[in-house]
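Before anything else, here is the set of structures, which you'll find just below.
Okay, so subunit A shows up in both of these, paired with subunit B first and subunit C after.
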Partner chain A sequence: MAVFFEFVTQFADIFSNPYMLLLSVVGTALGIVFGCLPGISSTMALAILLPISFSLAPSEAIIFLMAVFSASVFGGSISAVLINIPGTPGAIVTQLDGYPMARSGRAGEALFYALGASTIGGVIGLIALILIAPIVAGAAMQFRSPEFAMATVFGLTLLAYSTPGATFLGILSGCIGLICGMVGFDSLTDVPRFDFGSSALQNGINLVPVTIGLFGIAEIIRNLNVTSESGKTVTRHIGRIIPPWAEIRRLWKAVLRGSGIGIAVGAIPAAGSAIAVAVSYAQEQRLSPRGKDFGKGVPDGVVAPEASNNAAVGGALVPMMTLGIPGDTMTAVLMGALLIHGLRPGPQLFVEHADFVASVYVGLFVAILLTAAMGFLLMKQFIRLMQAPRHILVVAIILLCVIGSFAIRNNVADVGVMIAFSVVGYVMYRLEIPVAPLAFGLILGPILEENLRRSLIVSDGSWMVFVERPIALAMLLLSLAAVLYPVFGALRPKWAKADVGK
Partner chain B sequence: MRIPSVFSALGFGLALGTGAFMAPAAAQDFPSEPITLVVNWPAGGGMDRAGRLVAEYAKKHVDVPIAVINVDGAGGATGVRHVADAEPDGYTVGILGASIISSQYVNQNANAIDDIDYLAFFGPDPAALEVRSDLGVSSVEEFVAKLKEAPGSIKNGNDAPGGVSHIAAALLEAKTGVKLSKIPYQGYAPTVAAVVSGEVNAATLPVHQLIDQHKAGDVKILGVMSTERHFMAPDVPTFEELGIDLVAGDWRALYVPKGVPEERKALLEKMLVDTTNDPEFQAAAQKMGFVITPMGAAETTEFVRKSDAELYPILEEAGLVKVRKK
Partner chain C sequence: MVDPSENAGARKARLHLGRGLFFGLWAVFGWYGQFGNARLAEDFGLDPGPGLLPSIVLSILTVGALVLVGMGLAERLRAGPLSIDWAAALRGSAAPALLCLSLAAYLPLIRTMSFVPATVVYSGLLMVALSREQFRVAPRSTLTSIIIGVLVCTALTYALFVYWIGVPLR
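Presenting the complex of A and B:
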């Protein structure tokens, strides 16, 4: 209750203090712009702007950084929807349906859905952070290596569902991703492998240049090809911005599911938003009545991951605030900012600096509100940018792709990876092999490998560790169910037919 | 007063993109362009925080902006290579840690310690031995006794082989004649999570990583692997006090590529040493858990060579010398 009271007073303070308000507005604007630029992840946006907070008072610093954090998560989806390039790793699946929507002249709607879902997801994440932080933190601590390994297995089985009608090609694509995930330094023994002696490959194949190449450049090559025949252009029509109410209302389940997954994955230390969105997209595809049309521009495929990556913000703050363990790299930067001000997140913070805990909550809330407001106001402007003459736009996008893949680690080798994967992406498109599973494989593979092997080290080589631990066992059974479900479907053709008949 | 500082820092952020491409300037007006500080680990980690802290406080001692960039990959070796191969004009400076010593012996493509010139020392980040309270061990003596009775019965969370906390664990084994089960994690944060969740029951992390859990009573720091007690845990003895000659942990130093003109190196050295001696900088660093021990170029070089010589036999024994065998 005391926290709630503090929350309201501080909230009023911000809106009555022009300096604080200015800080949050500047933070939000910078967050949206940095998030929107491919190659600048939310983590980097925070790290770049961190020194600004050194000279601010702690409560000002946290409000500024929260604004950057929350806004950059939404910013990442703008470029995903409009140019098919994720601005941040958390937006890698938003484009799968967001971009097809934009292509068919519904860019306004797609961004509206992304913004709406981001806002609601963010608020749900914040509520979770305030109300159930201690419970979630306790549960997240049950997640050790065996649980991580089995959760990834579950994620991989969902891959099979991600490409209806082309299951084998989807699995093939996923396997290419898994193999790419093995290149570089072995995470457990620190020995370089699959590097062919070159220092470029020793860096491993980073997710960001891969997605920029696969989705961004490959898309441009594809477009050039299309227009030479039909004269069709990139994203020309804005379309209406606010979709009909009936459409919006239909999506609440997807938003709730996405938010739930976002909070849960975000709260697990070291899981991160890229995993949260991958899981929630795959899950939504299975559960949504329009699952079959995913990838063709279904709003469900936009709102679920968007709710998820924003809810993950609140989720990731849970272990940081309650246990002093950052949930992902973004919260690690935030923690660094707090440490500079002598505030050490963790159980003691609630006792010694309860007013500051409220500042964190208020900062996040203000950031969500401002992101929603500014996002809505700027939406048309962003789309208008896309209506620039095509020859300028294409060159600008390619430039962004190159800079983005370089900037993520300041490494020229990553630009090479990006170019290589743009060719791979185009070839796969021509061969009609789905590309999204490749990105999923690349995310999930290293996590599975590291945790599976570590579980076995901890258990002295006994595979029983995956059956003896309840959460791991549950994940394993879920994976089995996911694999066997279609088999049962085939065994009961009548039932299946009846289902289709409806 | 405050608002301009926001915008100056913005310019600092924007300098990030351009800093790396600046052309060298004439020697007499050095530095006249932004300096790039290369951190060889990703944004958000301890090395990154240290680098950004130095960049922020060095501003007082130099008129040009200092842009921090993260060049990570290959276990820290990519960032060092980035600096070692940079134009030796003094506009590219790097910060690195103890990982340079082990990576030169596992990775043919990594730079050796003598491939670069050291400018200044940031400080040590001593490792410590932490155990979960439910392990029922309250001193190093009991810890050793328990392991002697049942070798490998304690699971220790540490880096992958060659990493700082892994070497600390290996040294602990060598100096006390025990055998741990060493469980590898990627970085400190996952190791802390493993200790807190109980996947491992001990760790060889730097003191500040688990200080809160120590104060709360969930974790007990048994000993610090340093010559002096740590300011954050003054109640914890050093291993030396306990009669075990064990000093291990990370450290951080600033460096430039070989071939930077002497007068520029001297200027950069002075700028960095002035920064690390600045009481305001030291206060800020202390709040983040960093120990600061300012040293100049000569002392830093000597320090790096000495730790290399000390670590070589341990790395060799652990099978971590694959290239550059001595």
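Presenting the complex of A and C:
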């Protein structure tokens, strides 16, 4: 009931404050625009717009960022439907039926279905967040340093799965992030580490230039020689926008199923929206009466993944808000924003900053409403924007990245860090090493170290503290299982072959 | 950049060796920072000290790098010599390197010329470089789009960062 009261108060605050409303409108518009441009993921959109939020109060910043986050998820489906290129990874299966619909002159309908399903999925995800988060946070109130240390290890291990088939590389990539997180003065002893005598490094490596470098400039470098995307033509004639009511009504089950899958998969750290939509599409293909027509332009194939994609937003916020473990790269950047504003996600956030938690809920709700309104009213304008020359868009993003990195602390060294991590990100891409775990390591490293050392101080240096406490032990065992599972998976065929040989 | 005729084994070997080298370099820098800092080895009483986690993480990184190099060498023995076209690799790296250099040059340019002229010059040059192929096909329309693009980008970044956020870049 208290949550509901806070929600209504914050909701009224936003609608009575023109500045907050403006921030939400601007964030939503930027989110849709960035989301619909191929080559700009939701993570990249958040990373390059993050510096803008520094000048804002924490509640204003979160309203702005939630708007960018939520709207960019829908924006990704516009390019998936119109040019068969997903604007974001979460829109990867929307194109399977969305694009054939556009090719047959039903682009407007496909976008309407995507928008409607996104809105309903987003609201269902938000309701799940509001209902589940306080329960998880309540349970996490029992956590002490050993549990938090092991929860962070568990989160890091799961996050290494963010690129399927590369868990080992993901763990090593996470280790680089952990090392980067240790650069600068140690928080407990004030001893400088890995500064190599440079005053620029003594203040530590800021998360924002790292994410801008890894997810912003590195992506631009990757796409420097790609001309195929710019060569694709945007479907200009979108046809009728609102489909017949009978057709809309028929799809409610697909929307509900997609939303449920989105919440469940989104709440698993590292699973991410791309997995949620893939599961949702496969499930819908099995259950829908039109399953055999999937891939030929069936609305069911658009609404299920789109509902799932947006419901996953609420799901991914559950571990981030309650345990301080980001569910995917987007929530990792959001978590970085909270840390910069002096707010540490975790169960204490619900006790000490209940009004802020309500701001997150309201920010997401307003963003969903505004995305629906702007998406419907300005659909044709967004499509026109997609036809803007690529060189203008690329240069605008580069300027945002460079000035944004400088704007964090008005420090040239941060631009240097951004450039260095652009190169690191590009090298990792060429070597097919997952980049996201590096960012996770950088965020979670200081939390892990603080809790690990506190646990050892309390236990007089005994490592048994992680084994004697049941929750810490359970998470340690789960982490070990997560690390060892791919090893056994790789060895099993060899063992099987050896058995056959015998 | 990579020989298109490269077989799967050679590709695997190249990737493993490259990854091993990449993680190995991080480990070497890390250990250098760790052993070069005598304060990390001090006694901090009950606190295990600021050297504990770096040692654990660097050990994992070192072992991982060695495993990858080992896998790369084993794969190389199976697949034969690697065929890397270094000239093509260098050519492919030129554009990314130039972009990174230009990023580093932008802030000094602002210090020298002030924000608006520097952004006009920088964004104009970048747009010309990125649209050189379109220039050959349709020079007039490309030039128009560049002029509009430069004006929009400069106005947008000035309004956002200098005017609204107050970043000292005048």
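Note that in this section the second predicted complex is superposed on the first by the 276 of 502 C-alpha atoms of A that agree within 3 Å, B and C clash if a C-alpha of one lies under 4 Å from a C-alpha of the other, contacts with A are read in each partner's own complex, and residues count from 1 in each chain.
We adopt the following convention: a residue touches a chain if its C-beta (ideal position, glycine included) is under 8 Å from a C-beta of that chain, and two chains touch if they have at least 3 such contacts.
The model shown is predicted, which means the values in this text are computed figures rather than measured ones.
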| item | value |
| --- | --- |
| Touching partner for A:I241 - first (subunit B), second (subunit C), both, neither | neither |
| Contacts of A:A139 with subunit B and subunit C, given as first, second, both or neither | neither |
| First (subunit B), second (subunit C), both or neither touched by A:I457 | both |
| Contacts of A:I220 with subunit B and subunit C, given as first, second, both or neither | second |
| Contacts of A:A373 with subunit B and subunit C, given as first, second, both or neither | neither |
| Contacts of A:L473 with subunit B and subunit C, given as first, second, both or neither | neither |
| Contacts of A:A47 with subunit B and subunit C, given as first, second, both or neither | first |
| Which superposed partner A:G346 touches (first subunit B, second subunit C, both, neither) | first |
| Contacts of A:A396 with subunit B and subunit C, given as first, second, both or neither | second |
| Subunit A positions touched by subunit B in one structure and by subunit C in the second | 51-52, 54-55, 186, 188-189, 191-192, 403, 407, 410, 457 |
| Residues of subunit A that touch subunit C when the two form their complex | 51-52, 54-55, 168-169, 171-172, 175-176, 178-179, 182, 186, 188-189, 191-196, 217, 220-221, 224-225, 227, 389-392, 394-396, 398-404, 406-407, 410, 412, 415-416, 418-419, 422-423, 426-428, 430-433, 445, 448-449, 452-453, 456-457, 460-461 |
| Subunit A-touching residues of subunit C, taken from the complex the two chains share | 15, 18-19, 22-23, 26, 30, 33-34, 36-37, 39-40, 42, 44, 46-50, 52-54, 57-58, 60-61, 64-65, 92, 95-96, 99-100, 103-104, 106-107, 119, 122-123, 126-127, 130-131, 133-134, 142, 145-146, 148-149, 152-153, 156-157, 160-161, 164-169 |
| Residues of subunit B defined as touching subunit A within the complex | 2-3, 5-6, 9-10, 12-13, 16-17, 20, 38, 42-45, 48-49, 52-53, 55-56, 68-75, 77-78, 81-82, 106-109, 155, 159-163, 181, 183-186, 189-190, 192-194, 196-200, 212-213, 215-216, 284, 287-289 |
| Complex contact set, residues of subunit A against subunit B | 19, 22-23, 26, 30, 43-44, 46-52, 54-56, 141-145, 184-192, 197-199, 202-204, 269-270, 319, 323-326, 329-330, 332-333, 336, 339-342, 344, 346-348, 403, 407, 409-411, 413, 450, 454, 457-458 |
